[in-house]
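This report refers to the structure that appears directly beneath it.
Per-chain residue numbering starts at 1, and chain names A, B, C, D, E and F are given in the order in which the chains are listed.
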């Protein structure tokens, strides 16, 4: 019973509660510092967990001391911890940006922020399908609050669409989870995996339908075509730190697709083995190209970045859809990169918009940005990252995915579409970059961005640089996580024990 | 201070009684719990009560309640008959009843009694609270109805709540 | 004997419930329809609750008086609902078979100074 | 190790130089020069190795798992290129110091230049293909910065973008090609790849791989039809052009062909693709070069043409052709760099580069003119200059080709025509600029440039001469080792000499020279022809058109996909889900109906079903009259509660009932601010479509339900039933599940509720809505804010309601109820006070600061769980005990009850928070009492 | 009985889907409410239908699992109802905010649409 | 006999339900519908009591109690809406 497993879930909840209760007592400065400290502790926690699971152990925490599959379990395997770490790091930088003023746009930013992390961490750790639903709702509701933070017509409209669509998604989740329970009689994911392998043929239809409905839920979260349409407006209209934090949101969907696709519908799932892969790869590839086209046609920087997030989702899910250890490992590496890079770009876009006065981030000639050299340099580096150009982590990720794709019969498609989308993304970013930084019409914009504004961006870029330099060991971690994910038996044994626990009855 | 801690000597046992009804039990633990809750809830809710309710003639009130119960029974039979007989033969009418009651609670109780009893629903209270418009399902003589209502219900209520 | 009493109470209760709803469905205008449910159903549900009380009190698991609470609730709330509904209908000038006293109209519209 | 530093030094030096620029232009220039020199010095210790036939490989582990290491290699080819890059780089640094004006940030320029230099060195020194590719793309990026250096100029920006787009396209294709190549060879290491040529050429994917790699090479080296970016890149400062477009960037493409020559060449595909592209480029470039009035434009097209020549040589594919190719790379670098620098001097001095205006400069700057003329002669292939030698070899190779192939005679012919054109444009460069009358309307009066600006040109021109006259002494050793590493065999026998006797190549050269003179003489009519052709054969227009189409297509598809319409998104969502569900079920072949026995239908079931169906359809039919729809939906909620009652779920029924009412109150609060009716907006067809989709969705879920309900199943629930009392201490299994077995869910659930409260509270700030002053029918609102009959009685009800709420809370563990339902009941009771007595009245009695309540609730629930964690049990482990107190008797204390209390508080707090603040929101817009008789 | 429940779920879903495809916020809320009714019923039904067997353990009887309906779906539905309520509340608020900031109650806040048609 | 009575009673209450539902959908005015909803709640209490007797279970009592409470709140809120539009003011 390792309390380390549950700490990443409980800490943000406790933090959120305390920040809520102490709202009136503590000054804003103190609360900011407190929040930053708490998120930093979460980074340390995740890192400690990563150390613990690096040997391949899977840690579990049986909540309420009820054995699985009856109680809810939290499961920390390499994949989950990987996600935790990426989330915590991202959150810290997003928060660092937010405490420079965005957190004052509306009430309760800090509790909402922590509760958002509660939802995210819970979703990554839980080993129970219905509990996953609950955490989805937590992270969604927190994200609604954060998304709307600050207000404004565009934000409200986007928020309304986001909320409505996700509500529909939640309903679908319940249908899917219900069908699973009504057919297999359990909700624990490991137990589901065990039961599904032995599903009688007459129940196959229900199980498959449930699986694909769940696929629909996750596809919506992950913004897979044609369910990606909520993303551009939502991400482009919200405040910068929130958009940066949202870089992880689509990855939750991707994570779930990977988790469910490998655990429940993995190789050992008998008649329903690999149910997701057939759908995932083609859809991911189309997403990739549609996202790239969207980025090319965007007339605002933030919308363009939002579409680039769609592109990254496409590439990520392409990797997951390929389903080999190499591909999934590549995908996990890319996931970290894409999250940080997109976040950096969102933050940068905010600085750009702030520096251009009334022109904001519209891709039209406008006033010169103060400190254009520095900001432009950062933009250049970030754009190189996002577009997947060498020599940074974006290129490595793309290269790894492509290399892994060669083993798949569909590799010409994968290669063609990935490369084309890369080209389109590059053209798009070149256009916007040269427009924003090179083509100023001389008028001076607003107050210059301070070093403090740029620090989170620089920090995120430094992370990407670290991802590049230490690509070897980091990729090793990702690869190990991928291999572990593809051996669901270890997960099942860790959760249910060596023998399937039927004697409890 | 004493008032704060024990706000109402009657209502606390009353609530405890209701608690026992809810719990369907007379166990000592439940009685204790009921009293405790009756006390705690009253402390919290007493400020929601508009005015100190003072009952001047409990016996009259009790008699009045029995009368109402009886009237409800009769009224129900009456209305059932009217409904079954069909809508054609009904002569509905609005009747205005002048009010002597002044307290909010008194008026409310009067109006409610009217609604529960013979073929009448209190429909409208004038802004000055001096008259109540009543809808009758089958009214022969409006003035007589108004007089009956005043005599049968308002008078005892006046005695109980506003003896001046 | 007890069973007969119970059955009678149940049937009476159900019958009055039914008649109340019948009135709601049959009668000619809103104000007359209002009478059915407020009265017939209070009695109907009342006798059903008494039946339930008797039934469960005689089942052996001790007395069952908590049905009184429901009745109490209904008796407090039903007239209030009826009054409010009637008031709302008058405010909305819902068509009435009986003539509406003119002062209601005056008070409701004339004094509104917004 | 030193190779690593050769590459690293420029990168680090770039930063240093940029930083030095704050101390002035000269320190910055010195630093840049020093950096380049340092890199060169670093290279020298290793440079002997290639001459001994060794290939130096240095390797650092990076991502070894996937065959990506920092592996560098130094062989003859690499050394040759590295020397060119560094050597010419040094000259360019010197030149740029004087070329760039005070306004330009020299430090930034040098930083970019050094970055580019480092990238270029990386390409030529990479042992690992992927590493090579990374540097390849870096040159694209850094050249983007260099070309767009004068960012205020529109043409610079466009040129830079175009260059990046085209070379970026190539880079991506190259990535694909390298991936395939690495897969075929089993490694990304050049050593391995170069040794596995046969395997690669026999691979079924050879052709696509070749095409992809060549796409990369061709775009970089500006081969037809991708040549058009190069002239536009002339918007760059001239030192950049001199560097990038003579010795470095554009040479990367031909370098790559040389590098992979042993692996890829020797197949018909190679010959046709490479030879064809080279030949076309040779001609097209030469043709356009002649007619450019812009000095740099002429040089740009001539560069294209010469790159075509080199490509063609590699396409021919014989060992001697490779020798010629490498030789011409060297020669072209020298004379073209000097020519560009000369052009820069002219531009610098005259303020324009238009050859129609720049005439007769011989009088103004004789030294520069001499240097330029020598370089131009080398370009034209005049004997005694280096260009002549390689051109001669080139002619020889085409002549050999003629003997070996049908239609082969065409090649020498075409090549000679190209040679003529080359002579002609070289002549034009010399004649137009330095002679041909007087300058016309120049912005400045030209004179000789500073010495240090001419010096680099002089060095290069001297090299042209030296190589041209004494090839064996100067260029032969390095050429031999370079060719050896290109061919991976010892260099074939070749004889670098001016005079080989009268043979076919010499005749061809003479023909070219004479023809060139003739063409130049007849240039006037030809200019007209060219002007006509230019409009038609404009690859750049095609590029623009294509890009425009792509962007238009992107915009079109995005516009049609992302219309910003929620209805569309939802429709797509529903359709996707239907597809997924149907595909899942239908694809399995399972029967719809299972074998489980069904319950008999009873009267209540029919009643409720009929009721729900009519209420649901009623809601649908009446949805445009919103209040009506709401009322009908209220009935629906009640009926659903009845289903829960009927099928043994009292807890659910209670929950459903309370939630329903709270929802209705909430909706009513909202409806006040919304239109009372929905307009009929959708067309009949849309409605029919939606009805169809809705019917399908309904059929789908109905089928799913039916299919599931008719199948037997075994679930984990028996465990809960058995363990609820002994393990959880409660008889209401649902509640025990909620607070114990799955207490974590509940913790999440109350967090959701708290979040909703907080989110709404946060959202409501600054939200001011004006409610209507009359209802939908235009009637003013009733004056009576709080009808007194209602108010008086509901106040009495409050203690009753709270009592019930406590009752439901306390019994929940054993009988239907629990914290959530109890909390809602209490909330409803309190809301009722708001409803009947108004906000102000209630506020005097009840604080509206509900955050502490929510927070306390969450904290209690959380601490209950943490308590067990502190005792070394898992989170939320429950404990319960039977306690016996005198008088009170037996009762049970369970930690789950504390948890339930937390739930209760959160529910009360959140529900009230939501409803009250919505009520408060429009308090401002309200007049207070409206009773005409009550005092205000 | 199972057929009736299936029918109910189907009809509720159909009506809900139709309503969420309307262009105004209020029908959207109504539609989502209907859909959550449908899914709650569905989730509830996953434990199969049983009449008169509420999962309240009788202390006097032996500890046996038979004779009770499946309690787990009920707990799940309870959670789902609560979450659904929270979500609906949030959506309603958001609809109001949209009405205030976009000027009308169309889900897309179309600028050229009048309010009361 | 009790069973028969309960069955008949169930039939009667169901018929009452149906009539009320008809009024609910038919209208014609909003007060009619609210009244019908209110009546529906009362009918539901009757139904629950009957069901309790029928199934011999007192577990339905709380539901009845809650219906009584919630039905009232719903009706009050709806009426208030008709009168004032703004129900919490």
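As a working rule, contacts are C-beta pairs under 8 Å (C-beta built on N, C-alpha and C of every residue); 3 or more make two chains touch, one makes a residue touch a chain.
Note that the structure is a prediction, hence the values are computed from the model and not measured.
K.L.:
What's the overlap between the neighbours of subunit A and those of subunit D?
P.N.:
E
K.L.:
Going by C-alpha centres, which chain is most central here?
P.N.:
Minimum centroid-to-centroid distance belongs to A.
K.L.:
Out of C-D and D-F, which chain pair has the most contact pairs?
P.N.:
Output for the comparison: D-F.
K.L.:
What's the chain with its C-alpha centre farthest out from subunit D?
P.N.:
B
K.L.:
Compute the distance, rounded to whole Å, between the mean C-alpha positions of subunit A and subunit C.
P.N.:
Roughly 57 Å separates the two chain centres.
K.L.:
Can you compute the centre-to-centre distance for subunit B and subunit C, using the mean CA position of each chain? Integer Å is fine.
P.N.:
Whole-Å distance between the two chain centres: 15.
K.L.:
How big is the gap, in whole Å, between where the Cα atoms of subunit B centre and where those of subunit D centre?
P.N.:
Centres of subunit B and subunit D (C-alpha means) sit 74 Å apart.
K.L.:
Any idea how many Å lie between the Cα centroids of subunit A and subunit F?
P.N.:
Here subunit A and subunit F have centroids separated by 48 Å.
K.L.:
Which residues does subunit C have that touch at least 2 chains other than itself?
P.N.:
20, 22, 34, 36, 42, 64, 66, 69, 73, 76-78, 80, 83-84, 87, 89, 91-92, 107, 111
K.L.:
Which parts of subunit E, given as residue numbers and ranges, touch two or more other chains?
P.N.:
Residues 20, 25, 28, 38, 40, 42, 45-48, 51-52, 54, 56, 72, 76, 79, 83-84, 86-88, 90, 94-95, 97, 107-108 of subunit E touch two or more partner chains.
K.L.:
List, in ascending order, every residue of subunit F touching at least 2 other chains.
P.N.:
10, 17, 30, 34, 36, 58-59, 65, 69, 76, 80, 82-83 - these are the residues of subunit F that touch more than one other chain.
K.L.:
Under the stated touch criterion, can you name all the chain pairs that qualify?
P.N.:
The complete list of chain pairs in contact reads A-D, A-E, B-C, B-D, C-D, C-F, D-E, D-F, E-F.
K.L.:
Which residues, counting only subunit D, touch subunit B once they are in their complex?
P.N.:
Per the touch definition, subunit D meets subunit B at residues 783-784, 787-789, 791-793, 795-796, 798-800, 802-804, 806-807, 810-811, 833, 842, 845, 885, 887-891, 931-933.
K.L.:
Which bits of subunit E are touching subunit D when the two form their complex?
P.N.:
1-30, 33-34, 37-38, 40-42, 44-59, 63-65, 68-72, 74-79, 81-90, 92-97, 99-100, 105, 107-108, 115-117
K.L.:
Would you tell me which residues of subunit B are touching subunit C in their complex?
P.N.:
Per the touch definition, subunit B meets subunit C at residues 18, 21-25, 72-73, 75-76, 79-80, 82-84, 86-87, 90-94, 96, 111-116, 119, 121-127, 133, 135-137, 139.
K.L.:
Of all residues in subunit F, which touch subunit E in the complex?
P.N.:
Subunit F reaches subunit E through residues 55, 57, 59.
K.L.:
Which part of subunit E faces subunit A closely enough to touch in the complex?
P.N.:
Within the complex, subunit E touches subunit A at residues 20, 25, 28, 32, 35-36, 38-40, 42-43, 45-48, 72-73, 76, 79-80, 83-84, 86-88, 90-91, 94-95, 97-98, 101-102, 107-109.
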